[in-house]
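Have a look at these structures, which come just after this line.
Presented sequentially are two complexes of chain A, the first with chain B as partner and the second with chain C.
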Partner chain A sequence: MLRIKGLTKKFRKKEVLHGINLELGKGVYGLLGENGAGKSTLMRTILGLYSEYSGEIMFDGDSLTNDQIGYLPQYFNGLEELKVKELLKYFADIKKISSKRVDEEIERTLKMVNLIERKNSKVKNLSGGMKQRVGIAQTLLGNPEILIYDEPTVGLDPKERIRFGNIIEEEKNNKIILISTHIVSDIECLCDKIIIMKEGHILGVYTPVELAMQAEGHVYEMTEENYNKIKNQSILVRKYLDEKEFRIRVISENMGLSGHVAPTVEDGYLWISR
Partner chain B sequence: MTLSVYLFIAMMFIAYEYMRNFFNNGVAEIVNVLDKKGKNVISAFLIIGLYSSLLCLCITILVIYEFLYYKISDPNHEYILHIILAVFLNIYMVMILASIIGTTLACIKNRIAVYSIITMMTLFSSPFAENVAYSIDMASLSNGSMVGKIVFKIISFFYIMPRFNMRAMPRAEFGEPILPYRFCIILFWILFFVFIGFILRKKKKIYIVSSVTLCLIMFIGFNTPASRMDDKLDAYQNGIPDTLYVTSGMYQEKIKRPDYKINEYDMKLSIKSNLTADIAMKVSNSLQQYDMTLYRKYIVYDVENQNGEKLKYKQFGDYISIYNRKQLDITEIRIKTKGNSSDCYANYQGCYLPGYYLYYPRAGFVDVYNMTYGSIIPNFVSEKTLFKVEVFPKKDYISNLPKIGNKYVGKCDGFTLVRGFYKKKNLGNGNVLVYPYLDEFTIHDGKKSEEECWDDSFQLSSEQLKKDKIKNSIIFKDPGVLDGDAYGFKAYGKNQIFVNVGGAFYYSDDN
Partner chain C sequence: MDIKISVKTLGKSFLVPILFNSILIPIIVIMVAKTQNEYNLLFSANVMTQMFTPFLGSFVVFTYMSKYIDTRGNEIYFVVNKNKSSEILKLYCIYIITNTFWFIVYSCLNKKFALEWVHIIILTFFYMVATYFLCFWFKSVSLASIPIFLYTIYSIVGLEAFNSKLSYYECCGVTGETIVSKYFYFIVAAFFLLIVGKRLNNSFEKYNE
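And now, the complex of A and B:
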């Protein structure tokens, strides 16, 4: 169990995390919030990249240590002149994996990300998606209990996204996986729970269904004409062309308007963070 | 030392390309997470340091081997230490600097900007910059113009590598300048790029302030006046400082016969970055005013009589007037000076203080420079005078006077003190030659012995000595102070002779 208690982080005099409390058990958690909500700061604090903060970050009752974490930054290209296995050996050395186990670990992780046949390829010769998989492989080296991924699906094509989802699916039963993203659809597919952040606060932790249900009764689809009437009391979700006319999907404070539709996770997120 | 230029470029490039990958491709972030104490980064730097050390060790061994091969017999421990320090400064520190420059530049994403900076750093610190500066100086109508001075001042801040590494040998009697100011300028650039790196990586204020403070200290250290060899080695400065002083009309020639005599000099010389001298002179008679001559860059800061009573004085250029307004009975004048000379160096590494040079006062106003050539006039003391000289720090000096206890004591027409890569050779008839054993005349042919080389090169001088019936003299190889044709590159004193064998071409292969 990863327990975060009263976590407050300041940059100079500005407080960017306000007493965050979280308890994360095994499973996949999506960290969702607009830019500046504090997602990166929270992740970087958990990762130990900031030494000055108040509050506690404990894992199974003890302080979190380096070897318990696997981390994939948003932009990962590796050291391009190295071969895949050399790069993984480099990370294995930093993780202090014993030399006897290194080759075995590299084989294991490369199999997990389906790159075993490219282990002798230079990193620079891999596609973007493959490099991302090498990045995931390095997070799995040493079998850490916590995996933290920052915007892992940005720039991946649909096939690679599915592949990423499959890897996560395999690992989620015995690890805590925290994924930060802007892409709500990814969260919906990948995550067991979604942590909504806004202005340094946690607004709530929900399952995808629970999050969608937060907007129950507030989501409508209507014509542009009707939308203009309630424009000031609503949030525009989407505008799309339906046969001959434009339809507008909105979230509104008002209940009982005509055009009520079932909410999605995205609606739930917009409703909560409004 | 040409190698240091290539290593400088290579290390900058390698460090930049590697660290660029490291920082920009997400690797640094992962390493920061996995290795919070930075052990991995420290060990990486240690490995770079180790490889650099091994490279330096190999170079040191090769250099020593080369000199052994060229039959420079028994290079003394000072010379071996010199090679080690030269390699440390010009190879090791240059490589470390290049690595730090590359690492810092890796924080800049624009590759063109980075390559421009690398190119600029290389050009400014290479002999190419000197050539350009020299051309600019020449193009600005007169040698030593303001434009030239500014350009040379700017490139002096890029004195990272040996100045003449592409073109000529360093001074044989002195070697490469390995003086505090050279360490200061390399450390300045290291700290400067560390400071820029801290800013770009948004490090804590304490790191930024510390690095910029240390950077400023090194900058001040570099600019603190000291006896610097590049004053002489620099293309612009090659013999120029005094020439400019003379030709620009700043030197006012004065000749005044003294109405007193200095019967004894009791001197304490302290040789550090500058020459500090405490000189007590026994004077023949008490006067209201004593006129003396002293090289202008040795600044007088205290004058008193034998009883410690302060005397007013005025130093103007190369001349000093000391006033006895209270009409005290004066038997001794004690003056304290501090400074350095462009021609006759005296610093941690070595010294060349010939007896004819005005590093201690002469009675009266004497002519200092030859107005035609802008070169200095040898000024021996007019008659043999008793000298008692104590020198700090205690090193292996060579002098024209014998050392008795802690002091060099004896009568002569000028106290000469040299230290460096010198050897003595007995020429017969009581004549002793003091010459730099790394001199190109001595080592020009690896197949011959040092003795044979010497005889070949100095045959003319030896013959001249016989012809002139010179006996019981100490002959010093002059490192180029005696310049211009006016004196035939020679200065004859009583029992001491200075010969500039190579003349002007002594410094550079080009000439």
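And now, the complex of A and C:
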């Protein structure tokens, strides 16, 4: 269990995390919030990348050690001159994986990300999706208990995003996995719980169904003409073409509207964080 | 850390010090040696190695540190092991070892050069550690290179005009007495910069997105 109690972080005098409290057991958690919500700051504080903060971060009752974590930042610039196998050996060395186990670990993680055939290719010769897979492979080295991914699917094509989802599915039963994103659809199907952040606060922790239900009764679809009458009292979710006319999906407190529809996870997120 | 991988992480930039220290400088020194003028050989080896060897040691550190300081996504390199000082010290040892062969050759051509090798080892340690410190002080490899470059120019060019105690350049070769009296302070300064550099390293929080 990863326990975070009263976590507060300041940059100079500006407080960016305000007394964060979280308890995370095994499973997949999505960390959802707009840009500047504090997602990256929270993750970096957990990782020990920020040394000055107040509050507690404990894993199974002890301080968290870095060999218990696998991390993939949003931009993974692997050392491009190295071969895939060499890059993983580099990370295995700094994770202090014993030399007897290194080759076995590299083979295991490359098989998991389906890159075993490219182990002797230089990183610079790989596609963006393959580089991301190498990044995922290095998080799995040493079989850490906590995996943290910062915007892991940005820039990936649909096939790579599905592949990432499959890897998470395989690992979720015996690890704590935290995935930060501002793309709701990415975590909708992957996550057991979704943590909503805004301006350094945790607004709530919900299952996907619970999050969608937060917007129950507040989601409508209407014509563009009707939307223009209420646009100042509503949040625009999406505009789409339905046969020959545009339809607008909105979230609004105005219960008198017609065109009520069932909420989605995205609707729930927008409602909670409005 | 696998030495081969450590060197490979430097990419093609590692060829620059090799080009100078292992090819260009030896060619010049050996060409001078062919004149069979021992003084010219010693002078040539002194000038070339003092000018380039410590400074290129800094170049190696700059290249190595750029991924930690300036690269997008640099946080990945700080997660498991934040402190980079041991890696810098390993790089220093690798750099000295790769240059030892030619210094043995120069010492065989002129025995007085053996003391110069001690001078270079101390200077290179000072330069590489100072570079490590400056990279974390300025949080920028580019900015850190400016004082290193200016100090090198000052030492070589400004010897007559400025206080030569601060300059590392010895135009007439170094003596045992100078090593003890002057370069001892360079060693002390280097260890001080290493300690402060480690503290700056541990509190480093500039992660590039």
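The rule we apply is simple: the second predicted complex is superposed on the first by the 272 of 274 C-alpha atoms of A that agree within 3 Å, B and C clash if a C-alpha of one lies under 4 Å from a C-alpha of the other, contacts with A are read in each partner's own complex, and residues count from 1 in each chain.
Everything below uses one rule, namely that a residue touches a chain if its C-beta (ideal position, glycine included) is under 8 Å from a C-beta of that chain, and two chains touch if they have at least 3 such contacts.
What you are looking at is a predicted structure, and each value in this text was computed from that prediction instead of being measured.
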Clash or fit (per the criteria above) of chain B with chain C on chain A: clash
First (chain B), second (chain C), both or neither touched by A:Tyr75: both
First (chain B), second (chain C), both or neither touched by A:Asn66: both
Chain touching more of chain A, residue-wise (chain B, chain C): C
Touched partner set for A:Phe164, first chain B, second chain C, both or neither: neither
First (chain B), second (chain C), both or neither touched by A:Gly48: both
Which of chain B and chain C A:Lys95 touches, first, second, both or neither: both
Touching partner for A:Ser40 - first (chain B), second (chain C), both, neither: second
Selected from 116-124, 170-178 or 296-304: the stretch of chain B that, after superposition, runs into chain C: 170-178
Footprint overlap on chain A, where chain B in one structure and chain C in the other make contact: 47-49, 66, 69, 71-77, 79-81, 91, 94-95
Interfacial residue positions of chain A with respect to chain B in the complex: 47-49, 66, 69, 71-81, 91, 94-95, 135, 138
Contact footprint of chain A on chain B as seen in their complex: 18, 21-22, 24-27, 29-36, 40
Residue numbers on chain C that touch chain A, as the complex places them: 1-2, 5, 8-9, 11-12, 67, 71-76, 78-82, 202-203, 205, 207-209
Sites on chain A touched by chain C in the complex: 40, 44, 47-52, 66-67, 69, 71-77, 79-82, 86, 89-91, 93-96
